[in-house]
Each structure stands twice: as structure tokens, then as C-alpha cells.
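Each structure below appears as C-alpha cells.
First chain A sits with chain B, and in the next complex the same chain sits with chain C.
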Partner chain A sequence: MMATTLPQPPFRLDQKRIAQAILLAALVLVVFRGVLPAGLVRLPGALVLPFADWINAGFDFARDDLGLMTFTRAFSDVVEFCLDVTANLLYGKSRWPHVGPIPWVVIAATAGMAGYALGGLRLGVLAGGTFVWIAVMGQWKWAMETLSVIVVAVPFSVIFGLLMGVLAWRYRMAERILNPILNIAQSLPHFAYMIPVVVFIGVGPKAGAIVTIIFSVPPMIRMSLLGLRAVSPEIIESGKMSGTTRLQLMTRVRLPAARTEILIGVNQVIMQSLAMVVLASFIGMPGLGQKLLQLLQGLKIGLSVEIGVTIVLLAIVLDRLSKAWALKQPEHVEGSWLRRHRVLAVWLGLVALGFVAAWSHPYFAEVERKQALSMAGPVDAVVGGFIDLIDPVTDWLRWFLITWVLIPLRNAFLWLPTTAVLLALVGVGWRIGGWRSALVCLAFALPIALSGWWDRAMITAYTVFVAVALALMIGVPLGLLGAANETRARRFLLVCDTAQTFPSFIYLIPVIMLFGVNDVAVIAAVMVFATVPIVRYTIEGLRSIPPEIVESAQMSGASAGQLLRHVKLPLAVPTLVVGANQSIMFALFMVIIAAFIGTQDLGQEMQRALSSTDVGKGLVLGLAVAFMGLMADHLLLKWARNHEAAMGR
Partner chain B sequence: MQRLTRLLLGAATLALASPVLAEDSSDPIVIPIHNWSSQIVMSNVVGQIFEGMGNSVEYVSTDSQAVYEAVRLGDATLELEVWEGAFGASFRAAVEKGGIHDVTTHNAVTREDWWYPMWTKEACPGLPDWQALNECAALFATPETGEKGRFLGGPVDWLKHDQEKVDALGMNFVVVNAGSAAALWAEIAAAEKDKTPIVLFNWTPNFAEAVWPGEFVNFPEWVEGCDKDPAVGPIPDKVYDCGNPANGYLKIAAWDGMKDKWPGAYAALQKVNFTNAQIAEMAKLVDIDGMEPEDAATAWLEANEAVWTSWTE
Partner chain C sequence: MTASDVVISCKNVWKVFGDRPERLVLTPSTTLDELRATNHIAAVRDVSLEIRRGEMLVVMGLSGSGKSTLVRCLARLLDVTSGSVEVEGRDIGKLTETELIELRRKKMGMVFQSFGLLPHRTALENVAFPLEMRGQDRASRIARARDMLTLVGLKGREGYFPRELSGGQQQRVGIARSLAVEPDIWFLDEPFSALDPLIRREMQDEFLRLKGMLAKTIVFITHDFDEALRLADRIAIMKDGAVEQIDTPENIVMAPATPYVAKFTEAIDRTRVVHAGALAQPVEGRAIEGEPLPADETLHALARRIVSDSRALIPLSHKGRIAGLLDRKAALDLLLGPAA
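Moving on, here comes the complex of A and B:
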């Protein structure tokens, strides 16, 4: 390539120079830390702004003067009515309509038939089998308590998300307002949502349902907006030609045409709702999550693993069902009623059979805890054996990591002058995306410094940094191993799915038993969670490389190692970076939960804010976490895009 | 509109009728449950007693601090375990706002303080004296505390003033706060495997005493004002130079409206009274025998009929 045909754009060079100058200035601040005025090491107290008080004043105004409370109470009454109905049907709470509980055989048969209708025999067996598992393991009542909330939360979330999506699609302004809100909402730690809900709604199942709705709505908004955008103009044109009104055009043409995206949105809503099962039980959601926390309180690992398995199975079944629904195109069958509604007829028959079975023997109505099967004993033995086995190693590992890695690193993070960190972030931003990115970094980092939570934020950053670094060291080789062939890749991805939906609280306990209450335990817990996206994206990245490229490299005589180093990895880098980005997001979520081990970071303060229902403090802390995530997200994605553009893909 | 009028009329008749009949309302009595087993079993025990009297009962899981606000507003009807140390402040604050009151006090006393499992005593025979503990501080050292011993405290939001105590008594200990009660238990379970000495925050009545026998550390005795007045207590210029109260109360609290709405149940509630041994037994049925809280409550009621039958009369 000749320089004349592809001139290096001059601003490129400037961008690099400016970035270097800024980074150098940051380095100077670090080197001369000893002689820096105190105001540059940490921002002076006068600059710390009382964000929390402002937010609290805003909330008080909304609650007391605007009367938002009447509105939220009215809304929560509607939700509560729906919850009472599902609670009666699913587990027989004494509320209107007083017909429940539906026997478990009937629900299992219904799930099985739904699976069969949407995805054939295998899905049918999976869906039916999951409910049979729940019943025979004696978890029926808890699972139904959980489902009674999810069954209410999901439709609310879907309708609300669809409406907001249509609004954003219709009005540019709405989209501009919604977009940053959604970005922040999706990176805000779960606990930050809960505090306002406790203030406005109180605690109990309805609070659990509402926090689930709030948490699961953002992907629905995004997917419906995406779907509506993608409808081809020809379809709209033909709709208009048939003389539809605007409402008809929306309900009969646009929405059905965007069906697939909308249903993927529904799928996301369901997944997010299940992710909230355990956390929402902190504010009164009954069911599996609440039971799980109770069992962990008594160190009953085996029994909690059983519940964890149920949550994973429910997630997999609902995921597969909703995906099958999204992919299934409407079909038309000719013939008699029975022929057209074969599945429906079989289902009705099974339901009738189920009711008869439940009526003839109580086992088919409800399996009592005494009759339940359990695998808790073996699980406890395995976990105990594992801990005993690696206990000698962990003692040494713990000592080594704490004395030689973690304490020095943590002190270093805390030692850095605030101004140097801010300047360095601006420099990195400038290097990657010019002055825009530099400004974005400053806009995210400066509020954290001004909030007065800098030290705690640095501890969070240090934890996430170490955990993600370790996750990369473990996850990338695992991903390489997994990508070797298609079957193995599928297996690895299934493990990733499972690890992602498995309630993270469960492994906090074994981790404490291994390492004790200290940073090693916290980092180990965060790392386990943060490794999952890295493995996943490494596999995806390697799989997405066009086979022609691999073949041509092989033909030019590259060895397997060369192929990996010079061809596959460089091509997979952008995907890997997206994985690292996801990993940081996961780590930020988990680091907050790791406060239950015992930390001194933002998570610990968040826990305190939740127990004293301090909305302002909780939101400030939550935003600090969200801003860290969004900054990393911006930088990494920008870098990945540049890299892709440079490779001409 | 007509329907609303009818409803209002109905409510008015009920309101007029109920004091005369003095019969319990058919609305469910809402009993809050928290995340520790003795409280859940006790709630079920009392709930089943109420059901035996013909009332309907519902259990709702709530946060143990936020519950006082819920009882005050009538969202929950009563609270069976009000711990002086842990919830005294929230309870008193709610009482001041009105709507909740102190029904009765259990015979059981509560204590929360530094505690160690029995195997620790083998390594440090001078225990339970606090000065002896201080001399053994090196036994409790961990990589992150260096030379000093580690005291594993409860979550910071429990506000237990352990750091102040360490400072006041000049102890060679560093306070490390666990993030949850489960983290405390996990540490004891891990220490049990090779009998590592450990000193941590604990309380009674609690299932842990049945699983891991142990003792509280004897600090200078609690004297009123020792937490506020430097002159009180053995060290003249320090506050918190004392242990926590060794006999804190365990109360029952109820919504003010309960008396009128469910007079029968309220009368029974006034007689409810448990001892430390009974509470530990309830916790044991769940935490050690692995029963479900509902079944544990039924079993306890069957085994202890002599205790509770008089409450319902």
C-alpha cells in the first residue's frame, strides 16, 4: 500500500500525541505524590457535593408534594390483586377466586404439552420433566410462590416495555430521553432499585413483583424499538394500500411484522425476572429465593443446591419455550376440528386425567416434604470433600495472595492521587476515541470523585480489576479448549448458561469456608462469575472466524500454534474485548453481592443503605457503580470498533 | 357507585357490630417471618395456636428492621421476637411514631457479644476472661491482620461498637466485619474442621449454640451509661469499656388495632411466653433435625401441650 493512496490522517497523530501528553501529566502527579498539595491527592471536602441529600429531597418532594405515593399505592394494589389470583391458582392462598391450588400433575402436563406444541418432543419432555422434578423434590409450594410472582411481573413488563418501545419509535425525543436512562438502568446494581421500591411500595410479594418489573423492562423496550425499526417499508406500504387506520397499521401490520424481535424481548424479560428471584426476596418476594436464603443461613449447602438447580431448570425451560415461540411461524392446518386442534385435545385429555389422579390420590395433588426425594446428602458430602481436599493449598494460597498481591495492590489503588486517576482516564479516553471519549470518561469519573465515595470506589475498582484479570487468565484458555470442536463448544456454552443462572449466593458459603472473610474470598466469588462471559465470548469469537481464512492459513503451512497466535486470536480480539466488557459488568454486579461475605467497598455501603432505606445514598452508590461500568463499556467497545475498522471487517 | 355504598354500609355494620360481639375478625392475622429459624418456628407455633382458636393466619416474609414500620401501619399484625440489642432502636422509634406497642416480655433473655467455640479454650485456657483473650491475641492472627488477632464482627449495619471496645480496652485485636450472619456460620464451620481458634460475634438464643458449644467472653460488666459517659466503667477516660448487657429483653410487639380486631387472639398473645431452652429447641428442630418450619411448629406444639394450652383459655 502506498502512502499517497492512503494518507495517514493528520489528526490521528495529534490524538496520539495529546493522549501521551495527558498520560505523562498523570504520571508526573503520581511520581510527585509526596509533595502534592492535599487537595490534589483527594478532592477537598468543600468540593464534595451532597448528591444523596439532593436525591432524597427530590424523592420527598415527589412523595409528599406531588402525591406520587397515591399513584404507586394504586398501581401496587392492581399488582397485588393479580398476585392474589395467581397465588390462589398456583398454591391455594385463600383469596378470590378460591379454586386453587391446581394439582401439580395438571401443571406439569400443561408445561409438557406447551413444550411439545412449540418445540417438539424433546422440549415437551424437558418442560414436563422440570415440573415433575420440582414436585418430587418437594419444592412445589416454593416454586409456585416464585412463579405466581413471575407470571404477574412478566406480562406487566412486556406491556409496559412494548408501550415505551412504541413511544420511542414514534417520537425521537422519547428515544433521546429513554436511551441514557436505559443505559444507566441496565448497569445499576440490583440493590439500588430496591430502596426506592421499599419506600414507595413497602415490602412483600407486591414489592418483589414491582422490583422484578422494573428490572426486566429495559431489554423489552430496546427489542420492541429494534423490531419496529426493522419492519420493511414494503410491508407498511401494502398495509396502507389496504386502507388501514393508524391504529390498525400498528396492531395489525407493524407489531406482527416485528414479532420475532418482540418475542426475543419477552424471552429477555423472563430471564431477567428469574435472575431477580433470589435478590427480590430481600424485600419480601416469597418462594424459592426466600427459602434459599433461609437454608444458607443454616449452612445447608446441599438443600440450597437443589433449589439452585430448580431455578436453573426453570430458566432453561422458560428460555427454550419462549425462544421456540419466537421462532415458530404461524402455520395453517386444514381439516376437522380434532385434526386442527390435535394438541389442544390431547392437553384437555391430560388435564382431565390429572384432576382425576389428584382426586384419587393426594400424592398427585401435592407431594409433601416428608415424601420428597433429596440429593442434599451426596451434594454436602461432595462439597465437604472438595473443601477438605484443597484446604492445605488454600491456606498457603490465601497467605500468599493477601500478603504479596492483594494488600500491596489495594494500597496502591488507594495511594494514587485522585487527580492522577482522573487525568489518566482522560488520557486513555483521548487515545481511544479523541476528545469525545476523553469527555465521556471525565463525565463518568468526576461525579464519583465529587460524591465523596472515592476511596470505596477505588476498592471496588481494585476488586473488579483483580477478579477480571484472573478471569481472563482462566477463561481464555478454557474458551480455547472449548472451541476445539462443535460438540464441545455446545457443551461449554451449556455450562456457561447454567453458571450464569445458578444463584450466586450459593457459592458464597463454600468460598468463605475455603478462604475466610477476606479479600481472597471476595475476589474468588467475583472471579467465578466473571469468567463465564469470557469463556463464552472466546468460544463465540473463535467460532465466528470464516473457515476460508483458517484454510488459507493452513495451506500456507501454518502450524496449529501459529494458526492460533497469528490468525485466530487476532481475528477474535474484538469479540474477546466484548467478552471482557461483559465480564467487567458481571464483576460489578457480583462485587455488590459479595458484600455479604464482608467488604469495605461500595457494596458494603449499599447494603447499609438498603437496611436503613436511604434512597439517596443507595442511588448515589448505585450510580457510582453504574458509571464505572459505563466508562469501561464505552472505552472497550470503542476500541473494539476501531480495531475492527482497522482490520477492514 | 351503588356497590361502593353497599360496601361502605357493610363496613359500617361490621364496625358497629364487632365491639358488641367481641369476636375475632375473619381477616387473616398477618405474622411476619424473618431469615432465622427460631423466629420462623415461633411464628408458626403462635400462628397454629391462633388457627386452633378459629382464626385465619398468613405469614409474610419481611426484613427484620423494616418490620416495625409494617406493624405500625397494620400491614403486619405482630412481631414475636423483638431483640433488645438488635432491634431495640427500630422498635422504640416505631413506638414513638405510634401504632405499635409492647405486648409482653418473654422469660428468655438475649445476649450479644464476643463469643468463641469450645475448642478455642484448649488453645487459650485462660478464657472466658477478656484479659486472657488479649494475651492469646496472636492465636487469632490472620494474614490480613498481621501480628494482631482477628475479631470477626457482624455486618457493619448491626452497629455493635466492637472497634470502640477494642480501642477502649487497648486490645491487640483488629475488627473484621463479616457481611452477613451466614458468613459468621461459614467461618465457624471452617474453623471446626481443624479446630482453629476463632473469636467472633454471636448471640443467644441461637441455633449455633446447639451445633457448636461455646461461651461468651467476659468483659467488664455492662453498667448503664458505659457507652456514653467516659467516667463509667473501669477505664476512666474511655467509652465502651464494658461488655454488652448480659440479659437483654426479648419482647412481643403488636399493632395497636389488634386488640379490637382480634380480641381473642390478642388475649392469648398476652400470655405467650418462651424461655431460652424452648427457643433453642425450636431452632434445633429446623437447623439440626432438618424439619420444615411448619412441621417443626406442629411437632413442638404436640410435645409441649402443657406449656401452651393455658394460653388459649
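Moving on, here comes the complex of A and C:
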């Protein structure tokens, strides 16, 4: 019998081979770096394009010739008026309506009742307790300065976002234009928003409020669009058959039916606002953020921990309150007026009681500085003792990381020829998504090279790379641990959820406490921040595996280890990659914020641009960061989608 | 039948989904495959039918047969691709938006399969919604909505939100809402399909009670042949977007027009559908002996009396007059199966 051989497939230039060829070329460039002409190692100066000047020219044109300044002035005057009102009510700034400040007991009672109405006793105690803590710790004025901005910024953002969401829903064209803008806007670091606002508005609370408004709009647009799309067609048809006009259909049917998504959007706006308002201390916004910044710069750990706790508590309370509101289902109550409006009645009673208490004893109106119950002294002592105790360890760790990991890696990143990096990115793009993805990669990476900020970008990339690698090493095992059983998974996810609501600034406190002000502290802060999404997505990836698959593997006699290695991990990988993607985004945001500890990357330059109010430079740097994030986002999500499609999910 | 008796009339209605349906030239001979070749799908194919005042037409078909699309064309929730739908003589495809809204506010009511209730409004507010839309004052619309809820047996649940009601109760709210504006035309799109069988039966009885009280022109969509037989004056059976047969339940059961329709009728107990009158022969001067049987009862209801009767030809009476003679052997064949 003749042995038959399968016909050899003809040699084809498929996606894989092209990618390999490109990657090989990149490798050649790296190997022969020593003999490469200088123009290939770094793009020659003649090729660097003055993006910043162009942007500045554009801004000048808009400001001086288009009269945009009049428009922004008018808008900022409206915002300022609102800010004055809330400032008067919350902390007694002497502006119209001259009735404030509202005693802290009244505000705490209001928060407590809001919590009780939306989420029951526990949320009520948490919300009320937070405000009591703020008052008793003597941080009332700072917290109210922060809140007075949030209270103004959130409604503005929600209304803008809702209007634009409706617009995008109604007109396909508007959506097509908005989508890429939103993509970039949501990956621009916080500071990139601040610089133009400083140019147009100046510094101070007004600028802080406006930058907060702008920063928080994108998620609202996304959620309104999502909500309007998700309304069940039958509800819309039933509205039409009830004889609604288009306007009635929108206001009485579509928007109310999209209530949950819209309110989730409000929740996101609130959380974004809080994160931004804390950071807006960099442009002279008073409040908790500014206090924290001063204390951190002065290395006053005890006091900054107290402020940190307040910010964290506020974040948790605002998040829980708005989420409870979004998820609250309507419920009918029978009985008399008093019975139906029990919460309202109790609240009115408490408010009256609060005013009486404040009138009878000044402590309930305002806690003075000397009455404040600060524990900064003991905290400093404990932390100091702790730090002294572990100092040898952290010292060694710091020395080891800097000398043997961070500096060599950073030098390696900087040593790589620009052309090799560009080629490698194109190759990776081609491997994952063909020529389209290759082109996307080039479109994101080339402008960074042409902007002249390549070295800074490489340092940012190196920081993110190290931090995310460490985050993966810590996050994946933590996720595996957390996914062991349902109860634990829920507990871990709750912790992750809570940690994600903290303004990123907060993560700097413990890091500076342990490592001081240096590269290791930056990496540690970024890493901690980036670990959260990895833990979360690892758990969710493992949890989403259909139980039949696990059962069938168990019935095939797989041991726990085999089950994990051959079944669970491979199935969870696409979700895990989505987590890694979010982790990179978080890391990019954090690395820029961490700049004020002292880095030499894009973030540091952005801080300089902020202090010299150079819009063009600031935006170019911001876009460089955004492009790095968007490129990673494109590659990882594309890979995850391909992989899921291949598994038929 | 005069022209004014026809409330809804649709002529050669096509509804085609796809890339560019408005460019197609649709004739009665256009096939599904021709459409598929150009990336189009026909949900409704060349449907012509007339619905008379006070009549209840049940449109029956399996999922994907185009029945829900058809009813949406009749209510102009969807615009037809070709053909026309006339309601009381007016082509609704040509109505302006204002005229269409006016038509829905005064003449039409619709009930939906998954109820389509507004989740943020109480039962009472849901029922009052169409009245609110047409600008009725608060007191009168609340009073009317209360009456409607009482009518459908939901007195005492006015303040409940939809999610606090059972499926059957939610659909009662949906029915009350659709009737709140006193429509002449009542569309029901699989109103009981989402309910479990016991509740469905109960709702059908309730529906028959309301139908008897209200005398409306009704278009009722269902995928359940038993339901169709139970409720309909006439049934239109749809397959792949086209009407296979449109006739009274009796005629469909006795004379299915196509093999597809026959497949539905096979498993049906015909004696519960067919009335004695349907088997009547003309008297033609033959002798009439003894007590007549009612012609408008089903054979199943008369079975005991037919079996024990000894006459070969049993006289049938309709409204006090002799309507014909029932061939006892034919009736027994239908009841018991043909003699071996």
C-alpha cells in the first residue's frame, strides 16, 4: 500500500507571516542599534512637528478672533453665581442669599435621612455618620468647599450629558462625531483638561467647577445613549398607541423608561466630579484636595490620613447613595398622608430639631478648630514607629528595585530605537488584527514620535509597563483566591468596587508614607491602583464560566489544579485581558497624577505646562497619553474579541 | 355588506426589511428567494383582507409568520413597503403625524404581549396615560381610569406599580389602558402568550366577557390555534408573511384550504368547533318529524341527543324556525369517526 502524503499548502503571505516579518525587521533594528544612523534611533529634529504651536494658534484664534472668551465668560459667570449660592449655604461665604451656613447637624441629618430613604438603616447610618465624622474632626469647611463645587457641577454635567446623549440617539451623524471624541476624552489625563480651562477662566473655585463639569460629561452622554437604546420596543409602541407626540414620547416614555441607566450615568458623573474636584487643587481649588496636597507636600502623614479617610468616606457615601437611587424600584404605600410621607416628616422634624440645637449651643452649628477631635498626633506616632520598624525592609526594597530593576529597565526603554518600537507596534497590530490594526497602531504611535516627546513617553510607558506587570503578578493570584467560592467572590468584588470609587489621589498617601518621594513610590502607587481592575476581572472571568463546563471537566476526572490550568484559566483569559486593558488605563491616569511626587515623564512636563498655562503643550502631552491608552485598548480588546469568537462565545 | 361596514381594509400589503426595500418592485408573484438574493426579508407578503365593523378577526401563525408585523402595519407602527391600509376609508399611510396621533387618541387601542406598561407609573397612572396625552383634565381622567381598572377586576390595586403585579394583573392593566380612550378598533398582539396556561384560560374568559359588553372591531394576534378557534369570528392563518386561509373557524376546520392549514386542524376536536347548522341539508319538502335541535350548538354539545335520537334526518331550528335537516349518520361519523 502506498503511503499517501497530504499535499503541502502553498506558501501564502498570511497575517501571521507578515507580522513575523515585520517583528523580525524590528528585531534587526534593535540588534544593529550600534551601527544605525542617528535618524533611525531617534527621529531627526526636522521631522518633529510643532503640534503645540498649531494648537496654540487655534486656541488664540478661538479666543481672540471668534470671541469665544465672551461665551466662556458668560458661562463662567452663571457657574460662579451658582457656586456663590452653594458656598453661602454650605459654609457661610458672604454672598447672596446670605442665609448660611446651614448648621452641620442639619446637613448630617439630611444626609442620614437620604441614606435611610434610599438604602435603609445601614446606608442612613453610613451617610449621617460620615458627616458627623467630618464635623467632629474639624474638617467641615474644607469638605463643604469641595461639596459646594460638586453640588453645582453635577447638575450641569448631567444636563449637558443628557442633551448630548439625546442628540446622539436622535441623529446618527451626531453619534458618529461624538464617539471618537468621547473615546479620546475618556482617556485624556485629568491635567490635560485643566490647562485650557486655566487659560480661559483662570484659577480658583470657578475654574475648578468648570473643569469638573467638562470632565464629568462623557460618561453621562454614554449612559443616556445606552439607556435610550435599551428601552423595550413594546413600551415605545404602547406610548405611540397612546397617542403621544414626539416630545411627549421622549419626556414621558423614553426618558423615564431609561431611568436606571440615566441614574447610573449620574452616579458616574458624581464619582468623576469628586475625583476631579480633589485634583483641581492644582489649579487653586480650595477644599479637601488642596488641604491634602499641602499636607502631602509637607509630609504630614497623620493629618493627611485624616483627610484621606474623609475623602474615602465621602466617595463611598456619594457612590452608595447615587447607586441606591438608581436601583431603587418604585413601591406603593397605602394609608394616610403622614404614613405615605413618613420619611419626609421625620426629616422635617430632624431639621427643625437641628436648627434648635444649633441655636441653643454653638457646637452644633460649627465645630471650632480647637474643639476638633484630631488624632493626627497619635497617628503620626504610630505610623512613625511602624515606619521605623519596617524601614530596613523598605529601604532594601527601594534600593533593590531602583538599582536592579527600575533603572536598567528604564534605560532599556530609552535605549530602544524609535523606528524599532514603531515597527514592533505595527507588527503586533498586524498579528492581532491585520493591516487595519497595524494602521491604527501607527496612527496612534507616529504622532507621539513626531511630537518630540518620545523620551518622556517612553518613561511613561516604562512606568506603566512595570506597574501593570507587578499588578498582574499580584492581582491574578488574588483574583484566584477570591473566586474560590461565591461568598468570598462577592466580598472581594465589594472591596474592588469600593476601592474603585476612591479618587486616585488617595492612593498616594500610604505610598508616600512607606516609600517617601521617589520612583518606587510612583510605581507602587500606580501598581496598587492598577491591581484593582485585575483582581476584579479575574474573579468575574472565573465566575462567568458556565457550570456545565466545569462539571463536565470534573466528571472527566480533572483534579483541582488541572481544572484551573486546562479549563478555567483558558476560558477566563479574554475577560482577564479586558481587565488588563482597564488596568493600563488606570495606570496611565495614575502615572500622570503621581508626577507631582517627582517623575521625569509626560506627567512632569504636563505639570510644567499647567504652571506656565501652555495650552498647546499641555494638550499635546495629554493626547500622547491618550493615544498610548487608546492603542493598548484597541489591541487588547481586539485580541479578546478574536479569542472569544474563536471559542464560540 | 356595504362599503361603510368595512372598518379596516388592507390591499396587497407588503412589509419588507433590508437594505433598500423602497427600491423593490413588488408583485404578487415576487418570491422570498428573489428578495433574499438582494438582502431583503419579507415579513408580510401581499396581504389583502377586510375587517368589518364589530367583527373579531384572529390572525394566527407561528413565530416568524409575520402576524405581529401585520398588526403593526394596521396600526401604522410600521409603514408598509407597498400596498395600502385603509381605516374607515382613509389611507393611513397618507396621514400626517398629527392626524395619525389624533386617530390613535380617539379610535385605536392596543394590547401588547409583554404588556408595555410604563414602569415608573402606577396602574392607575398607566391607564390614565392615553387620556393625559390627549390633554384630558386630571379629575376626569383619574375617574375614567378607576372605572377601567374596576372593569378589568383590579379595584384596590390602583396604587400598585407594574412590577408589584402578577403577569395576569399587568395584562389587565394593559387591557384597561387600551380601552381607556373608548377606541372603536382594538388591536391585541398575543395578549395572553406570556401568561401561564391557567391564567391564560381565565383571561380568555374575561376577554370574551369584555368583548360581549363592548362591541368593538377587534384584531387579535395569536400563535395558539385553540385560542383562535375559541375567540374568533374569522381566522386568518399566516405562513411566511402570506395569508394561507381566511375564514370562519368552522370552515377552516371542515375545509382547510392548504396542507399547511390542514396540519393545524388535524389535531383539533372538530365537534367542539362545528355547529349542527354547518351539516344541515335544505328541507326541500321533506317531512319534519318531532322536536328540532338547535342549529347554533356545537355537535359536541348535542352529542348525547344525536346518539340517542332514532331519526335519520333530524330537524334543526334557528331562531324559532326550521333551518334544515341534520343527516344523523354524517353527524355520528364526525363524532365517532367513520364506521369501520
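Simple rule for what comes next: the second predicted complex is superposed on the first by the 600 of 649 C-alpha atoms of A that agree within 3 Å, B and C clash if a C-alpha of one lies under 4 Å from a C-alpha of the other, contacts with A are read in each partner's own complex, and residues count from 1 in each chain.
We adopt the following convention: contacts are C-beta pairs under 8 Å (C-beta built on N, C-alpha and C of every residue); 3 or more make two chains touch, one makes a residue touch a chain.
The structure presented is a predicted model; accordingly, all values stated were derived computationally and were not measured.
Annotation for the three-chain superposition on chain A: chain B and chain C fit side by side. Judged by the touch definition given at the top, the superposed model places A:Q297 against chain B, while chain C stays out of reach.
Annotation for chain A, partner touching more residues between chain B and chain C: B. Judged by the touch definition given at the top, the superposed model places A:E486 against neither chain B nor chain C. In the superposition on chain A, A:K240 contacts chain C only, with no contact to chain B.
In the superposition on chain A, A:F596 contacts chain B only, with no contact to chain C. In the superposed pair of complexes, A:E548 makes contact with neither chain B nor chain C.
Legend: residue contacts after superposition of the two complexes on their common chain; A:A257 is shown touching chain C, with no touch to chain B.
For the combined arrangement built by superposing the two complexes, chain A sits at the apex of an angle of 150 degrees to chain B and chain C, based on C-alpha centres and given in steps of 10. Of the two partner chains, neither chain B nor chain C is touched by A:D65. Overlay on chain A (Cα): least separation between chain B and chain C is 38 Å. Across the superposed pair, chain B and chain C touch chain A at no common residue.
In the complex of the two chains, the chain A residues touching chain C come out as 232, 234-235, 237-246, 248, 252-253, 256-257, 259, 329-332, 334.
Across the interface of their complex, chain B is touched by residues 93-94, 198, 202-205, 281-284, 286, 290, 293-294, 296-300, 369-370, 387-388, 391, 398-399, 402-403, 407, 508-509, 512-514, 516-519, 594-599, 604, 607-608, 611-613 of chain A.
Residue ranges on chain B touching chain A, taken from their complex, read 28, 35-37, 40, 56, 58, 60-63, 65-66, 70, 75, 142-144, 152, 155-157, 176-183, 185-187, 189-190, 193-194, 207, 286-287, 290, 292, 295. Against chain A, the residues of chain C that register as touching in their complex are 72, 75, 77, 97, 101-102, 104-105, 108-110, 112-122, 129-130, 133-134, 159-161, 163-164, 174, 177-178, 181, 187.
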